[in-house]
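Below: a set of structures, written as structure tokens.
Two complexes follow with subunit A in common, the first pairing it with subunit B and the second with subunit C.
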Partner chain A sequence: MNWASVFYFLGTDVPLQALVWVIVALGVFVAFKVLGVADMSVDALFPFSAILSLLLINLGVPSILALLIAVIASMGVGFINSALHVYLKIDPLLAGIIVMIALYTPNLLMAKGTISLASGKSTIFIGLNSLFHNMIASKIFLMAIICLAILILAYWFFGTELGLSLRASGKNSSMSKANGINTNGMYILGLVISSALIGLAGGLYGQLNTYSTNDSGRGSIVIGLAIIFLGEVIFGNKSFKFSLLSLLVASIIYWLILDIIQILPDFSTTYLNLTKAIFITLIVCVYELKKTAKKKLSIRKALIIKEEN
Partner chain B sequence: MKKQLTIFGLAAMCSSLVSLSGCGNSLKQIGILQVITHDALGADRQGFIDQLEKEGFKDGENISIKLQIPEGDSPTETSMANSLALSSDLVFGIATSSSLALKKAVSDLGASTPVLYSAVTDPVAAGLITSSTDHGNVVGTSDAGPTAKNIDLFTQFSSIDKIGILYNTAEQNSIIQKNEAQAECDVKGITLIDGGVTAQNEIASSLNSMIAQGIKGLFIPTDNTVAAAMVSIKETVIANKIITICADAAATKNGGSLGYSVDYYTLGQTTGKMAAKILNGTDPSTIECSLSDSFPLELNSDFFTATGISVPAAIQAEAEAD
Partner chain C sequence: MIELKNIVKDFDSANSINHVLKGLNLKINDKDFITVIGSNGSGKSTLLNIIAGSFPPTSGQIIFDGEDVTKTKEHQRAHLIGRVFQDPNTGTIGDISIQENLAIALKRGEKRTLRWALKKEYNDIYVRQLKPLNLGLETRLGDKISSLSGGQRQSVTLLMAVLKKPKLLLLDEHTAALDPKTSKKIMALTEKLIEDNGLTAMMITHNMKDAIRYGNRLIMISEGRIIADIRKDKKDKLTIDDLYAQFDKAEKTED
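Moving on to the complex of A and B:
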């Protein structure tokens, strides 16, 4: 690889991957950080939406409508996931795992292993390409617009009364209940929003790649969580607006590092998964250490003030 | 502190990039993307590399081979495909998803880099090519197994009227072979019991349930999930005297009875021949995509000694010839 292709690769692959996975990270963020549940259904929901949107296009549905239907179907899955907890009293972690296992079958029925875009059919990106005449540029351009819109929408929504109640019910459920917030309703809403975001990312990913397999979502939740933690390590836990922005930057850094690892001249891919694991451990480790250090610092400050008095 | 960290990070990044630029040279770059570490896929790759060497293209001398294995992780596979497509003069995808990822990466670049594929059972259904002669810059070999020949083997043993099939329902390759097996069984008047699984840990119970339904034979297509678990079903098939026919030589050796198999090494060699032609200047669109055409018969004598079933003379002779 020479300099030009190294930069070209990093300059195209990193933003493209980062823009897809920041949406996943935002979805995981809503479930994990706002609601406080690790939603395991992500790994199956991601390919579900990818496969569904490709299948609909192959059946003749316009690409943008196919994406929309895939997102709505994902919201339905999110509702089932939350209903398992709210109405059937199943532990949230287990509910997510149940949905993940269950989704395997519809994915299989739709994709039959691997699904590819039928020849002559168009995705939203191919549609836009008639404007740019450069597939990669069209992809990055459209993805950037969608991501920006989603982040702005998320910022606006979590500032509304409804969004604030959602955040409050995740932070302190009994306090919120006491203040008259319907916490069950908020739990359902949160997971539906989270699933819609995962579904959007999955549908976009399917249309970006023009193919999808049943296994396409393997490891999605890990990538999402890694991006969230990386964001907090770099930017700290300041404000909500800031944490949304930090997701985007963290997603870019995550893919930049992974892509650089991949193109290192003598790096054997045998070590790829271990390297990833160490990388993620480091992120979370630094995150936790930073938290402890902060606590110690504030205690010491308090002691100094006490001594001075 | 934060500034220092940023500077350190940038410095680390720059130094890694400097080491990257060292490998830019005039050798023809060949990029190989193999979806997962696996015996059969590895044999395919080795056949490809060995054949290239036979035709005068040696890694490190006049070509440079870069191998990437995403270990089944789809986002990583996409990144690897993008980087290989950018830096290679020819790319080679092993198995369906890797081949699709490379094809997509090359077409996104608007490039016409030749894309070779192998170990893809049905390249037309997967959307890799339109037909074996109409395929543009994508060309390769498919590993469709000799399913009909294998089902026919069951009829050489007396009293086999009900057989089972063990495969992963998520592998497109296996589903195709299951349908072929069903069609052949209908012709031969054999009942086929569907023992599809979704994970390796379901194999034992699926097999036991098929045995309870009275199968006398077991057919195992070229299925990655089941192939990896052959050793674990060996005891069960021997104890129940079930003739196990595998479409994969390694699976037969590890726990099957016999079977015509796809020879992945030969498949890789055939793909290597195509690559050599392209490197010598042939336009990839003029090369015809090929099917696997040599199916050696593999016989696992351990099974027959352990069960006391005698091997029909015709089969014995054919296996010795192979």
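Moving on to the complex of A and C:
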């Protein structure tokens, strides 16, 4: 392997992967960090949306509309997921697993294993090709714009009264209820938003690759969590808007490292999932170590202040 | 006026039914500051939770100014009630800033819109409220609540509970988790906020001295019933020994 092809691979794959997975990470962030739920449905929801968006294009639906329908369908899935918890009192973790298992069936029905873009059909990324005359540049450009828009939208939403209530209800339900926040309603809203983001990422992923398999989403939640933890390890947890930005940088770093591992000589994709698992274990270990160290430091500081008084 | 009519609350436990409140009646007049005492398991915390709507009574009615709120959920009647919990961590969110916590309380019981939660004009309100506490919190609006001490956190919770004037302020042993010095400060702040804003309040306490010293009414709860309702003039003459005597008498009649 020569250096030019290495740089070409890293220069194209890292930004594209990072831009798709920062949207996934944001979706996982909303469920895991804002609501405090590890939503397992992500692993099936991601390919669900990828497959659905390709299938719709193959059926003659315009690509942008196909993406939109896939996102709306994902929001429906998110609603069902939240309803299982809110109305049927099923544990959130179990509700996510139930939805994940259930989604495998429509995924199989729609893709029958693998689905590819039919010849003569085009994705949302084709439009910009006339501008760049380079498919990869068009993809990166459009993805960057979409990601930026999503991050700005998230920053705006979580700063509004409604967004703040959503964050509050995940952090402290007693306080939220006492202040008139409908915590059940917020749980539904949160999972619908999270699922919309996962659906958007999945739909974009399908159209970027022009194919998807039933397995495309395997490990999505782990990648999402790895990016979230990596962001906190590197940037700390200063403020909400800061953690949004740290997701983007963490996603780039995550894929840079993972892609470098993948092009090592003798690396086989057979090892990929184990590599990802080890990688996230390391990140979470460092995260926990950092947290303990910080706690010790603040206790020491508090003692010093007490002695001075 | 707030009326509690014949409130009954049963809890199902493993193999029996636990009768916690047994037909409790209470009329709370406007600007009453009622202190509530009673031994553990007497039902005083259950009473506060039922008034707040944390769970419904088995039977009975809760009426705020003629409006029956018995069937409404806690968040649906939050516009009527300000609440301070025993644990300072329950009333605030440590992970977000002081001004974000206050912003949530500023809209208590209102519809949450897509307008920005943090605004310059809101900050002016917070600064005006925080300054008299003399804790320097007015210069730390952007700091996370988790960086505050327990007493500071409870002061913020108190402010939050009255930031939008409630019909009723519920205080559930809100100084019990604090050291004596801080506890005293918080009680003084509580009394000042109730007086300045002309609030109606109900405070559970285990501290008999506080129960006698603060408020215009003292009620004693035992075995799910109100066994004494002592008003202003008589209350001023009460001693702690009187209270113990009352409890003993009540327990003897129960036996």
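As a working rule, the second predicted complex is superposed on the first by the 299 of 309 C-alpha atoms of A that agree within 3 Å, B and C clash if a C-alpha of one lies under 4 Å from a C-alpha of the other, contacts with A are read in each partner's own complex, and residues count from 1 in each chain.
One rule holds for everything that comes next: a residue touches a chain if its C-beta (ideal position, glycine included) is under 8 Å from a C-beta of that chain, and two chains touch if they have at least 3 such contacts.
Note that the structure is a prediction, hence the values are computed from the model and not measured.
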item	value
Side-by-side fit of subunit B and subunit C on subunit A, or clash	fit
Touching partner for A:A293 - first (subunit B), second (subunit C), both, neither	neither
Which of subunit B and subunit C A:L153 touches, first, second, both or neither	neither
First (subunit B), second (subunit C), both or neither touched by A:S116	first
Subunit A residues touched - subunit C or subunit B, whichever exceeds	B
Touched partner set for A:I145, first subunit B, second subunit C, both or neither	neither
Touching partner for A:I136 - first (subunit B), second (subunit C), both, neither	first
Which superposed partner A:T210 touches (first subunit B, second subunit C, both, neither)	first
Partner chain(s) touched by A:D13 [first = subunit B, second = subunit C, both, neither]	first
Cα-centre angle that subunit B and subunit C span when viewed from subunit A, reported as a multiple of 10 degrees	140
Minimum C-alpha separation between subunit B and subunit C after superposing on chain A, in Å	23
Interface residues of subunit A shared between complexes with subunit B and subunit C	none
Residues of subunit A defined as touching subunit C within the complex	157, 159-165, 167-168, 171-172, 174-183, 239-240
Touching residues (chain side subunit B, partner subunit A) in the complex	13, 16-17, 19-24, 37, 67-76, 78-80, 82-83, 86-87, 96-97, 100-101, 104, 107-110, 126-127, 130, 169-175, 198
Touching residues on subunit A, where the partner in the complex is subunit B	1-3, 5-6, 8-9, 12-13, 17, 21, 104, 108, 112-114, 116-119, 134-136, 139, 209-211, 213-220, 223, 255-256, 258-260, 262-265, 269-270, 272-273
Residues of subunit C defined as touching subunit A within the complex	52, 54, 73-76, 78-79, 81, 83, 85, 90-93, 95-97, 100, 103-105, 107-110, 112-118, 160
